[in-house]
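Below you'll find the structures, each written out as structure tokens.
Here come two complexes built around chain A, the first alongside chain B, the second alongside chain C.
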Partner chain A sequence: MPENTSTNSTVKAYQKKKNKDEMKKQLIAFASMIAFTLIAFGIVATESVDKMFLIPIIVIMAVVQVGFQFYYFMHMKDKGHAMPATLIYGGVWAALLTLGGLGLITWW
Partner chain B sequence: MSHDHSLNPETMPQDPEKATLEGKNKFMGLWFFLGGEAVLFASLFGTYLALRNSTADGPASDEIFGLGLVFVMTMLLLTSSLTSVYAMYHMKNNDYSKMVLWLGITALLGVGFLACEIYEFAHYITEYGFTFRSSAFGSAFYTLVGFHGGHVLFGLCWVISLLIRNAKRGLNLYNAPKFNTFSLYWHFIDVIWVFIFTVVYLMGKVG
Partner chain C sequence: MSVTATQKRSVGAVLWDYLTTIDHKKIAHLYLIGGGFFFILGGLEAVIIRIQLIKPENDFISAGFYNEMITMHGTTMIFLAAMPILLGLMNAIMPLQIGARDVSFPFLNSLGFWLFMFGGLLLNCSWFLGGAPDAGWTSYASLAIDSPGHGVDFYVAGLQIAGAGTLMGGINFLATIVNMRAPGMTYMRMPLFAWATFITSVLILFAFPALTVNLFLLMFDRMFGSAFFDVALGGNTIIWQHLFWIFGHPEVYILILPLFGLFSDVFSTFSKKRLFGYTAMVFATMLIAFLGFMVWAHHMFTVGLGPVANSIFAIATMAIAVPTGIKIFNWLATMWGGSITINSAMLWALGFIPSFTIGGMTGVMLGSAVADYQYHDTYFVIAHFHYVIVGGTVFGIFCGLHYWWPVMFGRILHEGMGKLTFWTFFIGFHMTFFIQHFLGLMGMPRRYWVFLEDQGLDLGNLISTIGAFFMSFAVIVFIINIFYTAAKGERPSPDPYDGRTLEWATASSPPPHYNFAQLPLTRGLDPLWIEKMEGNGKMTPAEPLGDIHMPNGSILPFLMSLGFFIAGFGFIYQVDHSAWYLALYGGMAFALGCMVVRSFKDDHGHHIPKEELEREAD
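And now, the complex of A and B:
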């Protein structure tokens, strides 16, 4: 029994360290999200980029930032997230179709 | 394990939020719900993009939007997303009081965000006479941004109810999935806001 307890606490320590390492990755994800936000606001506020390039750049930065949110903050990169990924990408697919459809009837 | 599923460090599973069937189902159900929410917001974004230049001689987006306030709101919501990550970190380490503390900070940041949004809308209405009925742009703007604000309000009511209801229970396998589903929902609110500040405010500022 004492042996058992010691094994258990080693596992706990390992798990705690794993959680801590995970938290470090989350902080890096957060820092890059802040950086993307600063760049997006910065280039709009200073009008330093041509309008033709500006909109695609800020939209791409938004998509990357959302990727961090999904894969790191919402743990989609972790094991056991195949079904959640299927569900959310199903939603994203329908969302893109909706945007495409509305765009088509508006501008075409 | 005792029948009330209370957690102690010796018996706690690695992922308390997915240790029961109910927890697994809640986790899956929330992701399915978020897929649906993505479509709801896509239709509002599509409508906004189609109508954003239909100002009917009323105020246009580049005249009324102020980037300073939007930046503050973005920082508040983005930080609240991180604080709910911290809350889930402490949940996995079975530290109930720290989890409650970080969820409380998350709620406070959410309240700050909502206060800024109410101020923003009041400012548009009183200073510029820009209302829901001003133009098609006005209707599309208030519907999209207001729907997001409504989601923030719902999330705040959700987390406050959870914190009050579970105040004396401590962390167990019954309420761990509840906290986790709230946290996922809250991240999704931030995802929608990233697109709102990009598509509505930043793109509205460049015209």
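And now, the complex of A and C:
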């Protein structure tokens, strides 16, 4: 199959480049997650930020980290992940509902 | 005819086969046997409760023992009888219905079963080791924390282990339905039972963690000196109730949704009609599951959450009646104008409709927060949930057993005995529980050891107990039926009911262990029926005949569960003597060791060669 080798090698090259891009994205996500964690610990330890801002900052960073986790490390950004995404968001929804309900009962 | 069924094998070989099996059909047998055993146990406990209440101020059993009875009856029936039997039916049928050769994770499937079995055994060991748990199946923390002895510790450890098994089962079914549907079997072509399995598994996945957390908190409080629920030390005992019902209400839907699916299949098969409103049925099931997470506080109306919280949860609760009503009307419409066959399976389905509807109606009554102050903790609640759980779940289980017995065991249950079981059970059920509505309205509280004379409760309780004897009789007839069928029952064709779905499209009854030699091609809803209507009579294969890859059996799931079982004893008894840490760490190490073996030992399964498949085909 000599005529196939050329297409094979372009496919290979394409795959290789894709893998490399993917790896880059993973590393960026990973590095930023570590950075977020360090920042979170840092601002709590140094007490440099007022509590009013501290809590929202940490919550936002947490949400972003969860996003990285789902979309990059658990590949929800890739095709064919509609069902996992539905289930994960279903779970998030059930959890929020429960927390919302409990919060409502306690503080309203 | 499959080779294994015709060969006589020694008892030891059969036992070893079942201990190591990872075939979904055999695991289903195990679930049915295990669940059936606990069903009989829970039934005996129920009869003892009813005998105690047969007359005023009876002293058939002591007050303390009575508390153990009611606790173990509820716990056993829900966690160890109903759920495992449902998991058994789902295991047996769902993979066939979607045209798969097994579940996604056969090893995990077996592990789930053995965890359930050992958890259930651990819980029941308490009877012989100083007394069973006695704080109710809900085990409210204010009671549970102060319960003396080790009873409640057994509840915690046993349910924790069994619950882990259930969670595994749920995850496995989800993965199976997402990934292993046969060619052409789109989501919207799945039979309702497969849909119900899917949605039930979602509920298991989201609800069980709340129970797990709750059990851990109680375990820490009772065994390791924490104070999550101890008010005297600054804890809050209501937290238990919230977490329990956040799990508990979805749990009651876990118990009913699979049967909704089953009844849909049964009505359509025996009415020879396509299910009326298929899409509405699917979405109603989803809606029930969705709303099921927003109503937990209707079990806590009298706790003192306040009028706002009570109103919100009351409205959400009543909303659930809407999708449930949609379903009931769709079943009626399915039968409307159909050519109906009434056999024992169909009888259970027909009996279900009025019985469950009464239970749903009293549910809506209870959902009115104001009225619930009157009903709460009376026999009215007992009547409500027995109407939905017995009239729905238990009727459904009997229906499923009669309907699918040929698929699961290759025999047909005796019709005459089946009908006798149904009628005696149906009459006994309504005798036992209908009168309890009125006992409750007259003020008879639940969970009381005795009632007093001449308060208008005597006759009602007597009738109720007699009803329980009718149900016991029915169950005994059913057990005789099983043995009779095993010895003398007729061997059916793979499709004895002129079925519509893929579990009736296998080569033999019971199906060969690879289910389908060639995966079937699904061309629409009720795939087998479509082929019959177009004159083919059987499914078109979606692939050429080829070698089939199947996984190998393993004893590891059994051993792992044994490890956790031993560790359970360690946890329970380490408060008495530190030597029990040996059992705790030993059991854990053993279970973890098994996991290591599992992870590092490569097992690529085996192939069934094409030639063998061809040989079995003729």
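In this section, the second predicted complex is superposed on the first by the 105 of 108 C-alpha atoms of A that agree within 3 Å, B and C clash if a C-alpha of one lies under 4 Å from a C-alpha of the other, contacts with A are read in each partner's own complex, and residues count from 1 in each chain.
Everything below uses one rule, namely that a residue touches a chain if its C-beta (ideal position, glycine included) is under 8 Å from a C-beta of that chain, and two chains touch if they have at least 3 such contacts.
Since the structure is predicted, the reported quantities are computational estimates derived from the model, not experimental observations.
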Superposed model, chain A: greater residue contact from chain B or chain C: B
Which of chain B and chain C A:102 touches, first, second, both or neither: both
Touching partner for A:17 - first (chain B), second (chain C), both, neither: neither
Contacts of A:94 with chain B and chain C, given as first, second, both or neither: both
Touched partner set for A:44, first chain B, second chain C, both or neither: first
Touching partner for A:25 - first (chain B), second (chain C), both, neither: neither
Partner chain(s) touched by A:77 [first = chain B, second = chain C, both, neither]: neither
Doubly contacted residues of chain A, that is, touched by chain B and again by chain C: 83, 87, 90-91, 94, 98, 101-102
In the complex, chain B residues that touch chain A: 9-10, 14, 18, 27-28, 31-32, 34-39, 41-43, 45-47, 49-50, 67, 71, 74-75, 78, 81-82, 85-86, 89, 92-93, 184, 187-188, 190-191, 194-195, 197-199, 202-203, 205-207
Chain C - residues contacting chain A, complex: 174, 178, 202, 205-206, 210, 242, 246, 293-294, 296-297, 305-306, 308-309, 312
In the complex, chain A residues that touch chain B: 5, 8, 12, 15-16, 19, 22-23, 26-27, 30, 33-34, 37, 40-41, 44-45, 47, 51, 54-55, 58-59, 61-62, 65-66, 69-70, 73-74, 80, 83-84, 87-92, 94-96, 98-99, 101-103, 106
Contact footprint of chain C on chain A as seen in their complex: 83, 87, 90-91, 94, 97-98, 101-102, 104-105, 108
